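Chain lettering (A, B and C) follows the sequence in which the chains are written, and residue indices restart at 1 in each chain.
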């Protein structure tokens, strides 16, 4: 029995199934988001150790932070697949992922600033984690800028894929240098992970929100991918047929 | 197979020598930046050494980036990039170009850095640490910069785009480079650690940056 | 010694636009392959693809049954590409430019190689000047002088006669004829017809027929 593994790696066949993916993912995102917010506001304590109500910002802050990092990993994955197999769809996937990742990195910093103002009294505090997120945002912006500055799409795809790959090799070193500017005091600078100490209802709300952001990313990225496919394949017959149907 | 390092290095250095304003410009850029900051900050003798490590390293980074856009753009414009790419070792060509870039931008500012250090009220071992950290660190700046330069060949927004791409990737070099100098002021025993970290980065950069740059050149010259 | 460049089912695109597809032909020793086509039909892309700088979307390019890519040293050593750009450093003299090329490709050295090559192209008296002081036509001749350094089997020439006067054109055509006589092959794009080379030695490839 033979199965065509590359069937859905062709833009045309992907386009066909994408509509139902977007619909399903959007519905899941909305439901999970409502559920997560409800859980976060109704089922959780009003005070977390020394923080008042405003600690609830973590239900947005933590999921978008994780998601922005996860999206960079998927971006690099598609970039590498593209560089190895030269599949156009992989490059388009990577290109479609970047804006959402950058948005999430920005949201992380933004919500983090509000949280920082309420709990530490400052908007920004060159803390290693904050700085790392800022660097991630810079790398996303660099990727998007390079992609958009090159008019030839094939060169744009391959050059930005290479940049994403170089970025992922450099990120551990950057992370290390920000976290341990002084290797002798490195241990003292690490924040302990606080996940285990947190009450389970807070964790549940946080994870529901995580899946909500994941579903949202899935829907938005697939939607963006559809637009990219249509734009790039505009000379092909099937893309023209679809454009006619839409108007 | 013979080496392609020597002819490319010789050619680039000869061109730089004949057009020596390029060398002078990036060196004076460095000096002007380093000189402007104390003027604008209005610092006193006692606080200047505290600022020196960070400032000198930022100035070195900016001066290195300033000249990057010409690294491959001219070769691309006049077509000699084609010759390099079909030579027997693109890796060696790229390595030679990086070396030439460093000899023209990084080395002069490293050589002048002790004088800058004196102006910032550093002395003794602090000066030699500044010198060595720049000697080991500035080639890494050229290596990483070459990747960005190769990716942005022929683009309208080239030079500013290089800065956007390359600056975040250079953070580790800057952090440890300035930390080495700071350690020489506060805790001289730790200086060696930072210098070794910088050396490790230099070795890794020398191995991988030419590979990435060669790949980027092939993509950009497509 | 007989060499052969064979192109099979080649497809090239530029910015999502298919320039040509399913293009097949061979270039044999002692023959000129003359690529014709209107502006934008993909002549330069074809030449750059065959020289290895551009990746084809589909198809094979083989040099003596080996893949003709930049990763194949036996191909890059025997192939000479002169494109639209001259590939000369403006700050170096003609002689220095040629010397750089010879060292980069580790071509065998013979005594007064450069002098004889530059003499053949009638630019010997300007060989010490920086290339930026030469006229366009003279710069073009310095670029073409690279063809004569060392030994090469395949010349890939993109509009070699640009900015050359009639005399210089004739010199270049003579050199092409000599190359063919020594069992060399030439892949050529030009808008002007060849004057000196006999039509039996020319194969014409037409691009842009759809």
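Keep this in mind: a residue touches a chain if its C-beta (ideal position, glycine included) is under 8 Å from a C-beta of that chain, and two chains touch if they have at least 3 such contacts.
In this text, all values refer to a predicted model and were calculated from it rather than measured experimentally.
Novice: Which category does the touching pattern between chains fall into here: line, ring, star, complete, or other?
Specialist: If you draw each chain as a dot and join those that touch, every dot ends up joined to every other.
Novice: Find the most central chain, measuring centrality by the gap between its CA centroid and the centroid of all protein CA atoms shown.
Specialist: Chain nearest the overall C-alpha centroid, as shown: B.
Novice: In terms of C-beta pairs in contact, which of A-B and A-C ranks higher?
Specialist: Greater number of contacting C-beta pairs: A-B.
Novice: Report the chain whose mean Cα position is at the greatest distance from that of chain A.
Specialist: Centre of mass proxy via C-alpha means gives C as farthest from chain A.
Novice: Just give me the whole-number Å value for how far the CA centre of chain B lies from that of chain C.
Specialist: Each chain reduced to its C-alpha mean, chain B and chain C end up 37 Å apart.
Novice: Express in whole angstrom the distance between the two chain centres, defined as the mean CA positions of chain A and chain B.
Specialist: 33
Novice: How far is the middle of chain A from the middle of chain C, if each middle is the mean of its Cα atoms, in Å?
Specialist: Centres of chain A and chain C (C-alpha means) sit 48 Å apart.
Novice: So which stretches of chain B touch two or more other chains?
Specialist: 222 - these are the residues of chain B that touch more than one other chain.
Novice: By residue number and range, which residues of chain A touch two or more other chains?
Specialist: 152, 154
Novice: What parts of chain C, by residue number, touch at least two of the other chains?
Specialist: Correct list: empty.
Novice: Which part of chain C faces chain A closely enough to touch in the complex?
Specialist: Against chain A, chain C makes touches at 13-17.
Novice: Within their complex, state which residues of chain A touch chain C.
Specialist: Counting only chain A, the residues touching chain C are 151-154, 232-235.
Novice: What residues on chain B touch chain C, complex-wise?
Specialist: Its residues touching chain C are 1-2, 4, 6-8, 10-11, 14-15, 18-19, 77-80, 82-88, 90, 93, 218, 221-222.
Novice: Considering the complex alone, what residue numbers of chain A touch chain B?
Specialist: On the chain A side, the touching residues are 135, 138-139, 141-142, 145-146, 149-150, 152, 154-155, 158-159, 162-163, 165-167, 169-170, 173-174, 176-178, 181-184.
Novice: Enumerate the contact residues on chain C facing chain B in the complex.
Specialist: 51-55, 70, 73, 76-77, 79, 81, 83-92, 96, 100-101, 103-106, 130
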